[in-house]
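Take a look at the following structure, please.
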Amino acid sequence: MSEALINTVLLSLLACITIGIVRTRNLFGVVVLSGIYSLLIASVMMVLDAVDVAMTEASVGAGMSTVLLLGTLYLTKGHEMKAFKPPLLPLFVAIGVGAMLVYGTIDLPPFGAADQPVNQHVGPDYLARSKPETGIPNVVTSVLASYRGFDTLGETTVVFTAGIGILMLLRRRRKKDDTLREGEK
Amino acid sequence: MIFEEFINYYNYFITLFLMSSGLYIVVARGNMVKKLVGLGLFQTSVYLLYLSPGKILGGTPPILAEGYEVYSNPLPHVLILTAIVVGVATLGLGLALVVRIHEAYGTIEEDEIFSKGDDLQEEDNKNSTLPGDAK
Amino acid sequence: MRLDAILRIVTKMLIPFMLIFALYVHFHGDFSPGGGFQAGVVIAAAVVFHALVFGLYPTQKIVPPRLVTLMMPAGVIIYAGVGFLTLYLGENFLDYDVLSHNHHPEKPNYHAQERGVLWVEVGVLTTVAGTMISIFYAFAGRGKGEDKTK
Amino acid sequence: MFNVDELLLLTIFIPLIGGVGIALLGRYPNIRECITLITAIILWTQVVNVYDYFQGGIIPKAGPYEVLPGLELAFNVEPLGMLFAFIASTLWIINSIYSIGYMRGNNEPRQTNFYICFAVSLFGVMGIAFSANLFTLFLFYEVLTLATYPLVTHKADENAKKGGRIYLMILLGTSMLLLLPAIIWTGALAGTLDFVPGGILQDKAPYAVLVLLSLLFMFGIGKAALMPFHFWLPAAMVAPTPVSALLHAVAVVKAGVFSVVKIVVYIFGIDLLAETGSADWLLYAAGFTVIVASLVALRQDNLKKRLAYSTVSQLSYVILAAAILTPISAVGAAMHIAAHAISKITLFFAAGSIYTAAHKTEISQLDGIGWKMPITMAAFTIGALSMIGVPPTAGFLGKWFMLQGAVSTQQWVAVGVIVLSTLLNTAYFLPIIYRAFLVPPKETGDHGEAPLPILIAISLTALGTILLFIFPDAALDLAKQMVGL
Amino acid sequence: MSASVSSLSPAILNLIEHLPALQVAIPMLGAAFVAMMRNGLLAWFVSLIISLLMPIIALFLLHETFVNGIVSYALGGWAPPVGIEYRVDVANAFVLVIVSVMAAITLPYARKVVALEIAEENRSWFYSMYLLCLCGLLGIAITGDAFNAFVFLEVSSLSTYAMIAMGRDRRALVAAYQYLIMGTIGATLYVVGVGLLYVMTGTLNFADMAVRLKEIEETRPILAALSFITVGLSLKIALFPLHKWLPNAYAYSPTMATVFLASTATKVAIYLLIRFVYTIYGPSLELVETSAVTVFVILSLAAMFIASFAACFQKNIERMLAFSSVAQIGYITLGISFAVKTGLTGGLVHLVNHAFMKGALFMCTGAMMMRLGNVKLQAVEGIGRTMPITMGLFVAAGLSLIGVPGTVGFVSKWYLALAAFETGQSWLAFAIMASSFIAVVYIGRIVEIAYFREPKGAALLAKDPPPSMILPMIILVVACFYFGIQADLTAKTAELAADAFLSSAQGTWGAVQ
């Protein structure tokens, strides 16, 4: 029960931070808040027993993303303009998706139960097979690199794709051939 | 009883709150950096959606060791690891685009960009001389 | 970036530890949380840290941009290469069992699995570290006005 | 050399091959026009060849070539198609001769394109004439539309562009929005699209669907110019005269009424329509078009426009004949296709001849022209008489069979329409002849007759108009075979 | 693997067995190598070789599925559902063939335009992005695992954003950004849907999911998952009204990217949607009775008409064609929503037909772009005279878009209208015809401008592009006509693919143990 309680508290904090992000117009503030957000969600992941994920989220979400966002802000502007459009459509979209999700989640199995399909069908297989088949005690690693190794290859490719894409966009060119893109100096 | 119900579904409620807020920021805000932050929130909500059902109360992380019987489900962890990586990759590419847009337009507000040409359509490409020789 | 000497010395001392930690995270990934991805991020963090304290140019002398750019595809090549190797050895794509000397199709093979996992994690590490550092270089090298670092 | 079936296929493809030849050698005007003529003559001999086989009891067939399950390309020879192919190939020769004179005489630009498109149009016509199912018919129907579009817009000025736009929009629009759904619907109902004597829709569709289908088909064939889809014809008058001749006499409108008759006879079946009465509306629609188009023609001063509305009216004669739904009137329809083709081409040739020699386009300018261009105006007179239906011209035959059919089934509306429209025909053609020969010229323009190729062509068609009356047997036989008389 | 190949030598046999993995792994590895190259020409050559290899593999796979029905390949040697499975039936193989054939045709065309539009030092990276996009698209089409599909969706999406951003002017950046936002929302919604399905079934494998869904039947998370997946993929498909990103993305991206994406990218997302609706939900939900189908029909119709009308008012040919793409997507989704074999066949055959004609049209437009600098309507005045071959091919492909009989466009329309009559919704047939008639207006407009006006400015000096670009255009246009007269290959395969989908909807895609 204490697990569930910690979980609840952390999630409530998360919701508060989210409201802060929505309302803050200073972009530096937003970046700081989103860093805190990432750390909080990493803690939630710890509570949910996802230690690998928590570690990644902490380093990527709180670390890498924040560095990138700050870098971007350094290169652009620090403040958000007031929006021209009335937020009716966005509210409608957000509420629509929310409602769809409410509709969808009402029948979901309750939190933390061991007898739901997720914990019955494929998941336990990994727990049971990892040691005898691969000899790796960290089941996340064995699933990541072996059972679903192809996903991870795809994930590596995603990183590679994004990296090349960013370099294509941002790398300083040796020669000035920017005549091709108007508006640039 | 009601409290239990509340606890049982609290994760999902927070999930959908995060998701709605993220989507709201993406659609309502015109600032391109803010939009990407909102997109991040939106993606983060998915992490909770996947991880919550995998948790078994009283379980431990899925690292097999003597003395533990109940482990949480490892599969969602693997999936979310991938999702986090995809998220940061998207964020990075998006921010790179924002930097370039700022250089090209001098602003990162969508409203200002679109006010320069109706939905990008009318803009003249008089300067778009090609680097190579066309003839 | 003319900061006081203490910071510079502390940084110089810290960075090897960060790298060692990265290696620990990587190679101990089988037994504890972590793996190639996290290790790659830590390595990238070490380089970023160095660049923040000593400036972009000195860092790029130690870790040249050309190298990190090559690391990105190199990681994918290592990872996919393991897959093609298993294909070449006559099993399915990324079926690590075949990577040991005494391979029997039916018997599980710890050694081969661990070897395969290790190599693909090396691939992940290479790509992630390379990409993260590259992105950092790209952002940092695109100063608001002039390129001060070059 | 070829077996019968290959012969049929070859016949269809001859114009296309000719077109390719013209495209390749378009740089040399003489060779180009030789190819056109030679192709036309070869095509004619081949059609005659096919006719011989056909009369000898061998029915040439090609296909079916399956496009997809249930959709086939197939060709065969049946009487009405044979008649249509024969008319078109004959008139192509004459039209080619005329074109050479006209295009050179008026120094038209882009003549190569003109000849290519003309040849491709004939390819479309041959395909339509020998089509063995609705899909093949539709395919070549659209080929014809698209191949004639560059011809209509040949002048490439604002007017031509506008005319072309209307032409394309009406023809493509009706065929895609009405005809194609009708075809697919028929396919879905009957399971086949083949032309079968007696029709394929017997017991396949309820009354309401039959009515709807008949509406879709009849209005969908925009080339038949049933009102209100007729105004592409006047719009297309911007084209050079040989093209107008092609549109009005040889190919396009004929393809339209040909398709109408074919669909009435081979898809619905005369009996089915007569029993269920699902196409009764057609009689009125056609009768309306006949009368109204004639009235509109009366008010046109532009010669080509008056001829155009005359065409609209005459086409609906054919539809009317088909709608009377007796075998004998169907014979009349077939005969009228032939008669109208040869007489209308004469009239258009005459109009073009006047334009080439005197550069006159309005009827009010024609005072006394008959004495300066006697051959042209004599031919015009013969053509006009045929339109009115006076013996000894071909126009009489069609009307005769139609009347016979209408009277035998006591459809007095049809009889009334035919009689009334004959009067109207007289009313808009006679004044032209009167002006040409009996009103003295106001101005003294110095021009003589048109160039020789034009005169040759025009004399041939005028002669044909009379010969078809005197020797109608071949055409009549085919028409009767169609309905099994 | 099958009797037909058993006579081959063991090495080849081994290779054939691993074709599903090679189909995706080769472009992936190729992309990594290409990214290392400094020479753009070499990068092009390697990409060309890989692109030419892909259709061969895809056709082999298609042949295998003809012989064996379903080809299953366990990646990593782990049997599904524990491992990731590649599961190929006629339907996947059909999509694989479309994508890879279009890739193989695009690449020869690409060398000149890429050399012209992409800065030299970015060229090899651009080809690398292209290969990654190809890899991602093939990966989505071939996989039998819901999450794996997401990963490859992202591979293709991220590379697409990067390619679009390389466009001619700064608008490309904004277009790429917009697409990035929309695309990521779409992908995330897809993941949410998959997440709900995963929570309810405990599996990610398509076939396993289908079996287990049948057991739990209609619960609300399942229905919500369907709507999340549908909306998410519809964003990727650019189904009306979620199409806003597409016109800008197609109009301002580099020519090669436009040609390749227009003929492949949305098709794969459509495939994935059909896979979910038919194979996974098919056995447990009554397809025809869901009111979702009605919504789909309405949206398809809206796309067919509104986007077609919008196309009529565009001043830029690429934008016009992009709007036309949105309309054509409407045909495909309409075909799917008939839920009968004829309709599904129509939708599927339009996948390939649309790839042919849009590929050809965008290639022609790219050639105009190359000669004129832009493709606004004023720019193309009179090019019917100065660029006769390009314009002729444009008109020919345009006829196919209109759906003139004898072209592939007609074949698609035929199936769709037939399905409308078969299902008793005759009015839909008329709607299909009416919307395709709008194509006459916008194609006709360009024809009039290109042929009835005098060339001026750049158009005066323009000439047809070099043979390396003409040839792919001709191939596609000939395909437009050949498969319009002889539709055996495309239509029959599409029919088999439709059969595969429909039989999978009966729960015969096979259970996995």
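We call the chains A, B, C, D and E, going by the order they appear; numbering starts again at 1 in every chain.
Heads up, the rule we're going with is that contacts are C-beta pairs under 8 Å (C-beta built on N, C-alpha and C of every residue); 3 or more make two chains touch, one makes a residue touch a chain.
Not measured: the values here are computed from a predicted model.
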Contact distance in steps, from subunit A to subunit B: 1
Middle chain, criterion being Cα centroid separation: E
Pair joined by the larger number of C-beta contacts - A-C, B-E: A-C
Of all other chains, the one whose Cα centre sits farthest from subunit C: D
Maximum centroid distance from subunit B, chain identifier (CA atoms): D
CA centroid of subunit B to CA centroid of subunit E, Å: 26
Inter-chain centre distance, subunit C versus subunit E - centres from mean C-alpha coordinates, in Å: 36
Inter-chain centre distance, subunit A versus subunit E - centres from mean C-alpha coordinates, in Å: 29
Inter-centroid spacing, subunit E versus subunit D (mean Cα positions, whole Å): 44
Residues of subunit C touching at least two other chains: 31-33, 37, 72-73, 76, 80, 83, 93-94, 96, 135, 138-139, 142
For subunit B, residues that touch 2 or more chains besides their own: 19, 23, 36, 53, 61, 63, 75-76, 79, 81-82, 85-86, 89-90, 92-93, 95-100, 104-105, 125, 127-131
Junction residues of subunit A - those touching two or more other chains: 51-52, 56, 60, 64, 68, 71-72, 75, 97, 101, 105-106, 108-109, 116, 118-119, 122-123, 126, 137-138, 140, 144, 146, 148-155, 157-167, 169-171, 177, 180-184
Those chain pairs that satisfy the touch definition: A-B, A-C, A-E, B-C, B-E, C-E, D-E
Interfacial residue positions of subunit C with respect to subunit A in the complex: 29-35, 37-38, 41-42, 44-45, 48, 69, 72-73, 75-76, 79-80, 83, 93-94, 96, 108, 110-111, 113-114, 116-117, 120-121, 123-124, 127-128, 130-132, 134-136, 138-144, 147, 150
In the complex, subunit A residues that touch subunit E: 97, 100-101, 103-109, 116-123, 125-126, 129, 146-151, 153-155, 157-158, 160-162, 164-165, 167-169, 171, 173-174, 177, 180-184
Residue ranges of subunit C touching subunit E (in the complex, touch as defined): 70, 72-74, 76-77, 80-81, 83-84, 87, 90-97
Footprint of subunit C on subunit A - complex, ascending: 51-52, 54-56, 59-60, 63-64, 67-68, 71-72, 74-75, 132-138, 140-142, 144-146, 149-150, 152-153, 155-157, 159-160, 162-164, 166-167, 170-172
Parts of subunit E lying in touch with subunit A, wherever the complex brings them together: 28, 31-32, 35, 75-76, 78, 81-84, 119-122, 125-126, 128-129, 132, 135, 139, 147-148, 151-152, 154-155, 158-159, 161-162, 165-166, 168-170, 189, 192, 196, 198-204, 212, 219-221, 223-225, 227-228
